[in-house]
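Chain lettering (A, B, C, D and E) follows the sequence in which the chains are written, and residue indices restart at 1 in each chain.
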């Protein structure tokens, strides 16, 4: 247990340092970006048909809310706010706390990512085992090639194809949104959950399809290497049943995948920009994309920070899970 | 577990407020750029401006039932809707309007500026009786936009916003607006206090919507806002739908998608390619309403960069580009090729200065020979089918367009193709997004780009796009100054004056500034000068005039506004207030 | 003697390829793309001819993949777009290879503080979600020139390779031959370039190929989202225009315009996947002998 | 000694006859074990020595019908008393025979335990796989065996593989092989990579349990010393063939096959003249370089004759060598 | 000549600083390798043999003591300056499979150190080629066969010879052979051992022979010294034949007793000894390190740690309070 705590403490420190670096990096990076949100707002309103003085008065109020003062001071303020989980206020949506907006969007992305990863993990692992066991047959070979192919194909391609077929050509799934606010209100009941699932299905499927190839490949090579381990032969020679041996194999082969799991969170979260954009699903990715377009500095930093933090947390969880499952690490304490 | 009551007879009307991104965390405050208050639904001004070709003072009554303007335009007396009530059931009174004016002051802008000496500012608000209120322009200041400045003011409930304001607010306004040099320090302090108050107010929003409009906000999620009918609305019997579902706007493609799925009852103006228009119109009940749009897309040049400083070159380019082809590629459904470059849209120009004057303008019909002559005259020469500058360099440039503006991108590519075929290698290139475009075009980084012009109906607004800050002229405190090209946002860089045949030497900046003060009926001559100047000097080539095309679906509702309705530019909530949009029997 | 080593290598390559016909297919596909990248633009004029009266033309011999919103032949767009796509990706791949290999070798061979620092940085590069970062960077840095973008892509993506090379180096380091070389007093430069490098080559090659594909996607993705300047013809630009300008997801007329770049991406991926399959055998002298 | 003789024993003896096992390789199917006929008399310890690649493990695995792919038995049989020809058993029968009637012990350095489960849990898996009703009894039996081998039984059962030393693992391996009362025990290089003292200890245990339980034991090793320590009988393998077999003492005292002789005289000793040890010329063959015809050892043989190139020598009187047979017949 | 005085080495375990559970691999080891001589270290697994060899070859640092190469005390030098001295010691790795770079031919493996040497000593390029062939011939390989080949194309014995040849490129004074034959086929072992012996005679190279297998140690250096090391401490040291014939330390006796007897050829020693307990590395006795396992341990053994000396007037050095000669080694029948 002490070992576990020590490990956890190590992870947290490293995670915090990482977050600090990301915060610093994005803070300064974002301030390098060209564009003035006030001007952007004004021209956008004009382009949308508002008269210039209407647009001017609508945007004038924004002025004065753009952060002022020397950059280092802003930086310190930002950091001190961060400790209180205060990410500042949006430049683009007046009066909206970035933290509220980001935490509001976060669960939706996490929902997509988690369900996508979970499904792809299950499917990928099962097919990976098949691909490894049938390695030398046509089935195994084509499974691996298909896995590599899907692993290689970028998520946006998959999302485009899914969107084209299932929301545009056949309108089996909704063309956007998290749920239909006209028909259901948030709550813990069947209709709402069903509607959320209905809306999340395609984007989550895109995540799943985009990442399942990776699991398949990882599992295949993991199984292949475990198959070469002596303990499986030993188990066979001790007359353990096929089922028992399979369980031995599966558990040992899945274990190293937890490290892959950690890395894949980063990739998958990164893909959320495309997938949410294509499926018009308002999560963190959309938020980040929209805030970049609007030059909403604080929102941008907030969304980016949250994506990074989610990845770091996922990394830590994956590693702790690994620690928990693998006695070689667990018992080291 | 809870479930919403189903919508009754009127049903749910689904549309998009193109001006408003939905933000679940934003306050219910019409001033907030992303507030959850939607014009014409739960956010109401005193009146809605009509889309009139030339008169910017024409309005549909809203919370103001009627209004009277004094002869000099400096005093506006407003009669409020006698039946107007807030959605919480309380009466709307002149007190509410005075509070609304106070909030408008706190947030500044337009006639609510408190900078001493600002032209056209509001001086005083007087309650006449509980349903009548008078707005007086500050003495000494004059501006012909006072009426619409007053009428455009958002109406807010005193019960909600009153407590946010200090008791001595109006004294602060008076003090802040004082031009007395002896009180300068106090005035500044007062203005600072008001600004601070503005910061607070813009982020403020009631927990629950208190609306005077036809609808009340019910719920918002990241992709839509749900509004329900306000039973206390003064014109409630005209309102068809029981509920409105406003979906978030994330891009044109999304709207096309909704429309082809038949998921919208109406959509805001959306640039749409022909093949998609055809798809949309295949959907049963799908129709288009077309009307006036007072915007033009133009190709703009940076005259600091050679050879755009040469008038002949700009004119030659105007002769070379086939504008109808550009429009066909860029805005096939929502545009009409511009006939003349005049700085105004075609119909407005005819109204302001008459057909005869418009007829005198050069149409720059495609004419290769003339273009070649002009280019040669400007010192360029043609070698192997390619135009060379006097310096011996080939004449090439990049045509910049902001990413995401699908019509401009397509049009830009087409212009590039056309010019390249004519021997001028042009590449259309996009900026990462509109923000970058804005910044870089203002910094003079682009040789050529797209620009929106001819914003009407105020001719001042239209010409300020050409001869305003972007071209070096800025008005401050009633004085016009001119900045050199490349400085203070002057990226167009025209000469300060130029001689126009038959009109002598003109300063377009000055002429434009005059338009803001001249009474409308005395502005014709100035407009003629500016139109002729623009036509001959071609600071920009007007490509196409927009047409306001809106898709509607008549499956669930009918009685939509007709083509060319003056209400077309207003939100569909306003259409409903006008009695349009009724559920199908 | 030297020649025979090389000959043997190529014979090994051939043996590895021959083992599965799919690998040969992969080589053919890759060769096709490389050919398109190098020679493609020579077949077409600088500016592709357009015809506004022939938008989204039906598929025909003249336009086997239809035409775009301006009436430009889509096949021509795909072919001429290859060069830009591959150029950036390969250049970025080279950056990644240089940085990742150098960092991985150095960290793994030197260990100690340099190792910790480098690996923290690599972790950082790995953890921070690359694509969002890229978008932020794009807007901040304005990737006008292809090399800028290649540089940034490469610098973002080196973490994985560095880690792979490092762990490989760490395990090689414990192998007798590296210790022996140290014991013989061979200079570090020799040890790293002659002893370590050839042994990590297969990892580098595989990672590089995967990285290059990754960069192709990142780049196409950025263009697709529309955050990069559209001044080059690029598959991503086509995708962007097809979806957001031509409504190809909705309108069947414009569908070929969408499918063409998608198909190109899929085909390229297939080629890469099939070749990676053969890489390990090619680089392992034991397997190479057949 | 003939096979018929062996089968009269009551304990399970093993009769391997004409066994040929081939691996499929790029160069075609190559025999790793060729035409081996060998008996493991019941109740004896037989040592199988041979150098790396001579086919020892392949042969050992064939006793459990567990030759691994891409290898297969191409000819011959392995008849175990009470079980029958194991090469003919189906998967299910094999599974119930393995572990229960034939125990197999892996090389010490190899990891023959599931790293994610404790020894005790794996023991229960073993019991369930073999439908043992009395799992408590099984645990008790395991504890007895472990204590017998000098281990703290409770602690070992609660340990993971990585918590055990090489010697402990090997004893656990032996426990697994015997806990279900197998009577045929196959040990493949049980002491390789263990140090001297541990090796001696393990060999002692092997000897003791063998005697206590009346086992038939095959111990595979490349170390003649190990065979000399424990085995009653020994067989020497070279290039996939048994070149000599017989009583250990006899073979060590008077090796007849030139390979056996070379092998034994190449072992340096602790006492006596240092230079008594003589190297064997040449190198052992690999699967690809084993001569397909004639005598497998002829390339390194000091007694090579013409016939050796073409005819594989038959096993006569425990030795397969043309030269030896010729001289002995004289 | 290489001499070690009180070499100590402690490894901090990988648990990190927090959970450090260090392993003491060497506890003040003294040794002397005379020029052209042979010294053998034997002992159980984990007793520190490899660590010592690696320290000598400069691949591992040591914590305390002095290492004297020739006339130079390395402890007084800066790390950089030690390097050339370490080159005089070359390590022959246990595993010939990993000791050669699989991606390089034998020729290039041998050529590079020779080139370096040629550059340093100003020898012509042709020297490299001739030296390559000469070295290979010296280790008993056919240059024309071996040179163009990759390691995987050679047998284990050939590989180990190549490893030896490579070590010889720098003309070392000492070869450290760490289990140099344990992974080599039985029939080839003697060849390698003979080679090492021959190198001692022809080149005057000293051999530090590290092994479990005492007989092979004796084969390489019957005239040398045998060091018996237990848990990082030398417990007995003396001429090979003396220690074998009359070991006095109970640990040595246990170790020698464990050597299998070739029944039929040999008769086991009559006093064969088995330790009481298995090795427990975690236990750190205050007294004699071997006391917990020693069948003869007394109270003083448990409380006091004996040092290497000649207590009891034995011909060899030992670290035991009660040295007693026992006959544990097998004797040949004929």
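Worth pointing out:
Just so it is clear, a contact is a pair of C-beta atoms (placed from the backbone, for glycine too) under 8 Å apart; a residue touches a chain by one contact, two chains touch by 3 or more.
Just so we're on the same page, UniProt names per chain: A, C = Peptide ABC transporter permease; D, E = ABC transporter ATP-binding protein.
Nothing here was measured: the structure is a model prediction, and the numbers come from that model.
Looking at chain C and chain D, the chains in contact with each of them are A, E. Within the contact network of the assembly, the step distance from chain C to chain E comes to 1. Between chain B and chain E, the least number of touch steps comes to 2. Distance from the chain B centre to the chain C centre is 46 Å, each centre being the mean of its Cα atoms.
If you average the CA atoms of chain A and of chain E, the two centres end up 55 Å from each other.
Look at where the CA atoms of chain A average out and do the same for chain C: the two points lie 24 Å apart.
Chain C has residues 139, 142, 227, 243, 249-250 in contact with two or more other chains. Multi-chain contact residues, meaning those touching two or more other chains, occur in chain A at positions 34-35, 168, 277, 292. Contacts with at least two other chains are made by no residue of chain E. Residues 18, 21-22, 25-26, 29-30, 32-35, 141, 144-145, 148-149, 151-154, 156-157, 160-161, 163-164, 168, 263, 266-267, 269-271, 273-274, 277, 285, 288-289, 292, 300, 303-304, 307-308, 311-312, 315 of chain A are the ones that touch chain C when the two sit in their complex. Against chain B, the residues of chain C that register as touching in their complex are 46-47, 50, 52, 55-56, 69-70, 138-139, 142, 226-231, 241, 243-247, 249-251, 253-254.
Only residues 57-59, 83-84, 86-87, 89-91, 93, 95, 98-105, 107-109, 112-113, 116, 148, 150, 152-153, 163, 166-167, 169-170 of chain E touch chain C when the two sit together in their complex. Every residue of chain A that touches chain B in the complex is listed here, in rising order: 34-37, 39-41, 43-54, 56-62, 64-65, 89-90, 92-97, 100-101, 104-105, 108, 167-168, 171, 175-191, 277, 280, 282-283, 286, 290, 292-295. Listed in rising order, the residues of chain D touching chain A in the complex are 61, 64, 66, 68, 94-100, 104, 106, 110-118, 125-126, 128-130, 160-163, 173, 176-177.
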